[in-house]
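Heads up, there are several structures right after this.
In what follows, chain A forms one complex with chain B and a second complex with chain C.
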Partner chain A sequence: MPEYNWPEPSKRRHIGKRTSRLDGPDKTTGHATYSYDVNRPGMLFAKILTCPHAHAKITKLDVSAAKSMAGVKSVRITQDVGTEIQWELDEIVAVAATSEEVADDAIRAIQIEYELLPHFVTEEHKDKAPSSEVAKEESTGDPDAAAAAAEVKIKGFYGIPAISHCCMEPHGQVCEWEGQDQLTAWCSTQAVSGLPGQFADKLEIPTSNVRVITPYMGGGFGSKFSADRWGIDCAEMAKEAQAPVKLFLERNAELAVAGDRPSAYAKIEVGAKKDGTLTYWSSESWGSGGIAGSRGSPPLPYVVEVPNRRQKHISVVTNSATARAWRAPNHPQACFLTMSALEDLAAALKMEPLDFFLKNVGLMGERSDIYESELQKCADLIGWKQRWHPRGEGKGPIKQGLGLALHTWGGRAHNSNCEVTVYPDGNVEAKLGSQDLGTGTKTVIAMVLAETFGLGLDDVKVHIGDSRYPASGGSGGSTTVGGVSSSTRRAALNALAQVFEKVAPGLDAAADQLEIENGAIQVKGTPDRSLSWRKAAARIGPTPITASGKNPGPGKLNDSGVGGVQMADVSVDVETGVVKINQLVAVQDCGLIIDLKTAESQVYGALIMGASYALMEEKILDPVSGRMLNADMEFYKLPGIGDVGKLEVHMMTGERHDKRGVIGLGEPPVISTGAAISNAVANAIGVRVPYLPLTPDRVLDALAKGGAA
Partner chain B sequence: MRAFEYASPETREDAVKLLSSKAGETAVLAGGTDLLSLMKDEVVTPARVVNIKSVEGLGGISYDAGSGLRIGPLLKLDDLEADSRVRSDYPSLQQAVDGVRSPQIRTMGTVGGDLCQRPRCWYYRHGFGLLAKWQGKAMVPDGDNRYHAILGAGPAYFVNPSSLAPALIALGARVNILGPKGSRTVDLASFYRAPSREEESENVLAADEIVTDILVPTAAGRKSATYEVREKEALDWPLAAAAVSLQMSGSTVKEARVVLGHVAPTPWISKSAGQALKGKTVSPETAMQAGEAAIAGATPLSRNRYKIQLARVAVKRAVLRATGMEEV
Partner chain C sequence: MAKEEMGEQAASDLSRRDFLRGGATGALTTGLIASVGSPAEASSHGKVLGPGAVSAKLRINGKVRAVEVEPRTTLLDALRNRLDVTGAKRVCDRGTCGACTVLLNGKPVYACSVLAIEAQGQDIVTVEGLGSPGELHPLQAAFIANDAQQCGFCTPGFVVACKAFLDGNPDPTLGEIQKGLGGNLCRCGTYAGIGPAVLEAAKALKGGARNA
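Right, the complex of A and B next:
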């Protein structure tokens, strides 16, 4: 039995180094085949008739003209006469035809009529909602006594809207049958191993008959774990037509239906002693994630465990498609609500927010020492001590300000299986039913593999993105890197142990006396009794060695629970309300880092995504028609490079973090960005803009109510 | 996108002949940066698309010391910005092109296309028409009107989307128009109109007419500038914009033309803002007075009151920019 651990820092060839992602060249040159790019011989194209109303009953549906059109191979009614449709762009009929144009013509030939029903899409006004319920209500300590005793108290209202995932590659797949019961689906999914069961269940075939392939992924952010109704329709149409079918969502449906981060609004009261010690929290929050309500509730107060606290969350139902997990579900909302209120309290206390948070660092749980280091590091990087000023100071129309926020996330490694093969020529490969969402998963697996065998990255191959490989968890909740690095490490160590068994006799040693060192197998501590890797591999005989490894498993290779601090430097034009980000700094821990470069890259991406929802993103649903007015890439505003400012990332490394093992990183760095930017704007202009995104109308509105104009 | 017939004439006359006099039946294709998305979204569904890119004499830019600039409607926005005469004499035009932040649109999009692009109003783009009606009722006043008009509004509430029109109008531009009955010349200031019925379009071009020339007088003694208030540096239309053209006599404004963009269904010519500057020396105070004059009479909708402030500031900053007194 090998010992399952990570190599000592001094012996690491790859782990912790900056490695460029291995599929970068394929992606940048267009060689990478995304599911959207898959074209099969004889393939048909599918289009969907969607409902233009937010709430309506289907009163008439006639697809006969579409069915009889030349080139139309399958017409599938998803929702028939009598069905009550609850959100705009919900799927009614799917059509597969020989070309996109014929499919479009067929959709237009469908006759459909609706009876319009009243809709509700403006959940900020929760009192007008036809349906809402208390989702959570809890109390700790004695909030009433703490409220009475608090020396300084503030009340505030804050709101963060629903936003869309806005995946560049929309949801969808290509489905192809072999015979009557063997399905291959090229899906844009975050769950290669999990999807076959979903297809099989709906299609009533054995799960082993479904193969899902996802070599590259064009963005999911939590929205792509389901086969979805359109996936089942695609498979059914392919079966009926006896031809492969490609079905991907149109951009408007991608934005309106396939992505949604629930909104959150809150009335918050928070109090402290004069010295800044937090004593009291009370919040009444509400939000909506569409027709299924708010889907959970923001964890309030966030990060800081105020001793006396009360929280109530109300789930509001709106006529909008059901929310999907969005990068750190509920955390960005909780962070914005909490950090805004705390910054407002710090201003009332006339304390620097940095001092205020350091004062309360003891309320930040078991890793408060890490938060303390991260606060200091982040402050150093942005020059907080030299540059911070009290709220609203500054001359001229351009006001500059600094803000901060901090966050937490779990990131526990998911279940993962890996199979490693060592070939007699020395080649090594790993197979996992995992997927690379663009985060660098494949690169990380290759690094672990190469590290374990003492090889270069060119000497190893990694195969992922196919459900025929050993099952690995879906990529959600920042669980992937912990899972795949651990299963790969264990499989590789198991394979290496078998190699040691084969070469031990030739080195006159027992297998457990061998080690890998500098690309060779040697008797421990004895370089002159060694065999190069190639020569050693040649001794395994004609049959390759195969070994598997899984997570969870023996040895401490991973952990959960991370934190991070972010600071923002902004300029606000108080005559126009335009907010410009000058700089964003992120300091983040995530245990042992495998690839420093792709880890940093994750954080850079998160800062851009955070800047985006801080300044621009919002699903705008029309109160009149119930439609999403900005379900396009023009009015669903995303930043360009000139909008995000200078980005700086610092990853926490060293023994304190290394010994914890690997922890996921996908979600946490996006959590604080909105709150940090909002706090920086409050610092700049002297007044809180209660809403995200921080658009000119909202900034000017806040200024009109009192601020540094 | 629906199937359509495609024509690619080589002369102006043939182009006009291929166009139907009935609105919506045919469409003119130049850069295509707007038309293609309109067709994909089925906001327009022409039976015939007439490509004018091969028509002789519709491109180019030239300058004559007497008559000024002649810009062909097919001139690409990037080529307009790169023109040395534009850069030296017409800064407001160059600044306006700079506001088109998409390299793709600047590379493919044309000057004529910028002037004739359809409103970006999200109700219009959803197929509710220029007047945005829902079950017979105007949608914009009760709907989400954060980007809609604050001046001259009703029954049309969309804003004119052109980046170049305010600058060109302030510079006194005219356009030559060719139709089946021959050609005519109109001031660009009279080119746009706010439709009051759904059948009307937002400019005076008949369905079978095309713009053939954009004529801009010489800019001798003039100072000009454009200022856009934008919430996004990358591709986006401004929230409000102002273009000014000042006839100077020393440091005194002899005559001023102030045109606002993105605040009304047409480029909004503010005579009172021009009057406010006339005979004055430009200063932050006089610039602000022009801004105040420009927004007099603005009537905000439920969500766009902020645009009044943006328009006021855009005018102020355009005046200061034109005279080299920019504060920010």
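Right, the complex of A and C next:
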């Protein structure tokens, strides 16, 4: 049996190097076919009639005019008369027709009436909520005694709103039936292997009759794990019409219904000794992820385990669609709430935040020394010691400030199966029912494959994005890179062991005495007793060798638990309230890095997404109508290329990180950015802006309540 | 465009239309002006198209393609739904994000905000017309080298916008790139790679590489 480990650093040809993503040529030329790009012969186009009210009962529904229109092939009532609709833009009727234009006309021809019911969409005012419940309440140590004994204490209120995922490729799919019970669905999904079961369950067919294909994927960020009701509708319409149907959400539904990160608001009290040692934390937080409540609670206090603490979280129900996992669920909220309060406490202590966090680094758990080195590294990169000033000290209308935040994440490798085939001509391929969301999954698999066989990237093929390949987990929680790299490594080593068995007699050695070195199989340490890879492969006979590998499995190939530090440098115009990012610096650890280039891209991207929710993003729900007022990309703001400042990324590498194995990276770097920017703004203007995003009106409002004028 | 040949009302209508469209769609044809003008004007200058499908010819990446589209169909939907040219992506569908950027007579436009019938008689270049996986345009090569893409859904629009930007400014600074490419949005956060990619492509193109 092979030894399942990663090659020694000195022997790596691919792992840890900067490799350009292998699907780059297809993506940059428009040759990459996303699910939204799939056009099938005779395909119909579907549209959805959605509810314009946040809470209403359907009192009349007449689809006869739509049904009789030329070109309309299927009309499917999702929710009929008498149904109580709980959020704006919920689906009522789906229509499939020969063109989008005809489908639009058919939607307009549907007659529907509603009885309006009272709605609630403003969870910040939780006392007015018709429905809420305590989601979590816990206490550690003796918070009351610690509150009384604290030498310095602050009280604050902070709030971070619901935001939307805003995937560039909207949610949706193309469904096509073969006969009455064989379904193929091209889905924009984060869970290729998991989706067939969801379709099969609702459509009452065997799971093995459903094939899900996702060749390329236009962004998910946690929002695309479900077949969704519109997916089932699409399949049902395709069945009725006996033709393929394409159904993708319009942008307003994509923003309002298919994407949501729960809000979080908190009253926080935190205390310390005069020397900055944290002793006391108390928080009452609340938030909403729509009709299903807050969906968990932010882990408070975040990263720093204050010895005496109590926290209570209240889940508030609102009339909006259910939240979906958003990149590091609950962590950006917890980070913003905690780091804001701690930075406010540092200001009350008249301590530099960097010193304050270093003073309390012992409360940061088992990897506190890594946080310490990350704080120092990040401070060096941004020039913290030379440039930090006490809050609000700056002349003129443009105030500059620095802020920092810390974060943590698990990133444990998910379950994954991989099948590796070695062909007699030396070609090698891997198959996994995984998906590449743009993180570089396919490239990472190819690198592991090529590394294991001592080959170049051109010599290996990777097949993912099809549920007919061996099952692999959904891509959520930063679990993919650990899972697929480990299953691929094990499968490749198993295949290689079989090749060794075939060629060992010719080399007059035992199979376990062979190794791969410089593109050849040789007797360990004896280069003159070797066979080139192609010659070796030719000896396996006419039948290719196939081996599988899975995760979890033997050998330590992956781990979980990472940390990171981010610092922000901002300028705030105190006359207009406009916040400009000068620089963002991220220092991040994630164990053994397979592809340094795409790993860094993940962190750059996270900084930009963090800057986006720090300065711009917010689902604005109108208390009067219950509608989302900015369900379009003009007013649901995302930053452009000129809005994010200078970005710097430093990945922690070296033996200590290396020997942990592979750990996921998608979530962690997006957690700290909002908090770091908020702290930098407080440092610049001398007063806390208690809400994200840091829009000019909120900055001016905070200034009006006291701060640098 | 011979304004003097048209009535006063039509001429004023034309100038308003040109103003509203700005540089987005380039010059309009006389026939089109007549067809989309006021009903009275239309009846005297040409027939009203639609509401059903009409025959149109579109010159896409150098090839003329016949297509049946309703007059209300956007160029983007005609490309994607009728002609299976899917490089341009539909994201915001209302002229904000730039994912559907194509070139019309060399100028960048949002294909979601141009009617298919308006694009007749013009050169339409999509991302597929700039290069192929086997023969990359220097911009496409630079996007790959600088990892200026993640999910890649905004990438085709960005590549086309960058092409038009470099055509107008072959030797840009990073600051000019950040202003000039403000009409395209990315959700994964690939801006860190796009700036260096455009600078690298500009350098390669000045060195004699093809920009066609």
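Some points to look at:
One rule holds in what follows: the second predicted complex is superposed on the first by the 709 of 709 C-alpha atoms of A that agree within 3 Å, B and C clash if a C-alpha of one lies under 4 Å from a C-alpha of the other, contacts with A are read in each partner's own complex, and residues count from 1 in each chain.
Throughout what follows, contacts are C-beta pairs under 8 Å (C-beta built on N, C-alpha and C of every residue); 3 or more make two chains touch, one makes a residue touch a chain.
Quantities reported herein were computed from a predicted structural model and do not represent experimental measurements.
Of the two partner chains placed by the overlay, only chain C lies in contact with A:Lys27; chain B stays clear of it. Legend: residue contacts after superposition of the two complexes on their common chain; A:Gly640 is shown touching both chain B and chain C.
Touch criterion met: A:Val578 reaches chain B, while chain C stays clear of it.
By the document's definition of touching, of the two partners only chain B reaches A:Asp701; chain C does not.
Touch criterion not met for A:Gln376: it reaches neither chain B nor chain C. Considering which of chain B and chain C touches more of chain A, the answer is C.
Within the superposed three-chain model, A:Glu101 lies in touch with chain B and with chain C [touch as defined at top]. Contacts of A:Pro623 after superposition on the shared chain: chain B is touched, whereas chain C is not. Residues 101, 632, 634, 638-642 of chain A contact both chain B in one complex and chain C in the other. Partner chain A is touched in their complex by these residues of chain C: 70, 72-73, 77, 80-81, 84, 86-94, 96-97, 99, 126-128, 130-134, 136, 139-140, 143-145, 147, 149-156, 159, 177-179, 181-195. Put simply, chain A touches chain C in their complex at residues 20-21, 23-34, 36-37, 39, 45, 99-101, 166-170, 216-219, 221, 250-251, 437-440, 597-598, 600-602, 604-609, 612, 632-634, 638-642, 644, 647.
Those residues of chain B that touch chain A in the shared complex are 1-3, 101, 120, 122-123, 125-126, 128, 134, 139, 142-144, 146, 229-236, 239, 303-306, 309-310, 313, 327-328. Those residues of chain A whose C-beta lies close enough to touch chain B in the complex are 101, 104-105, 108, 396-398, 573, 575-578, 615-616, 620, 622-625, 627, 629-630, 632, 634-635, 637-643, 695-697, 700-701.
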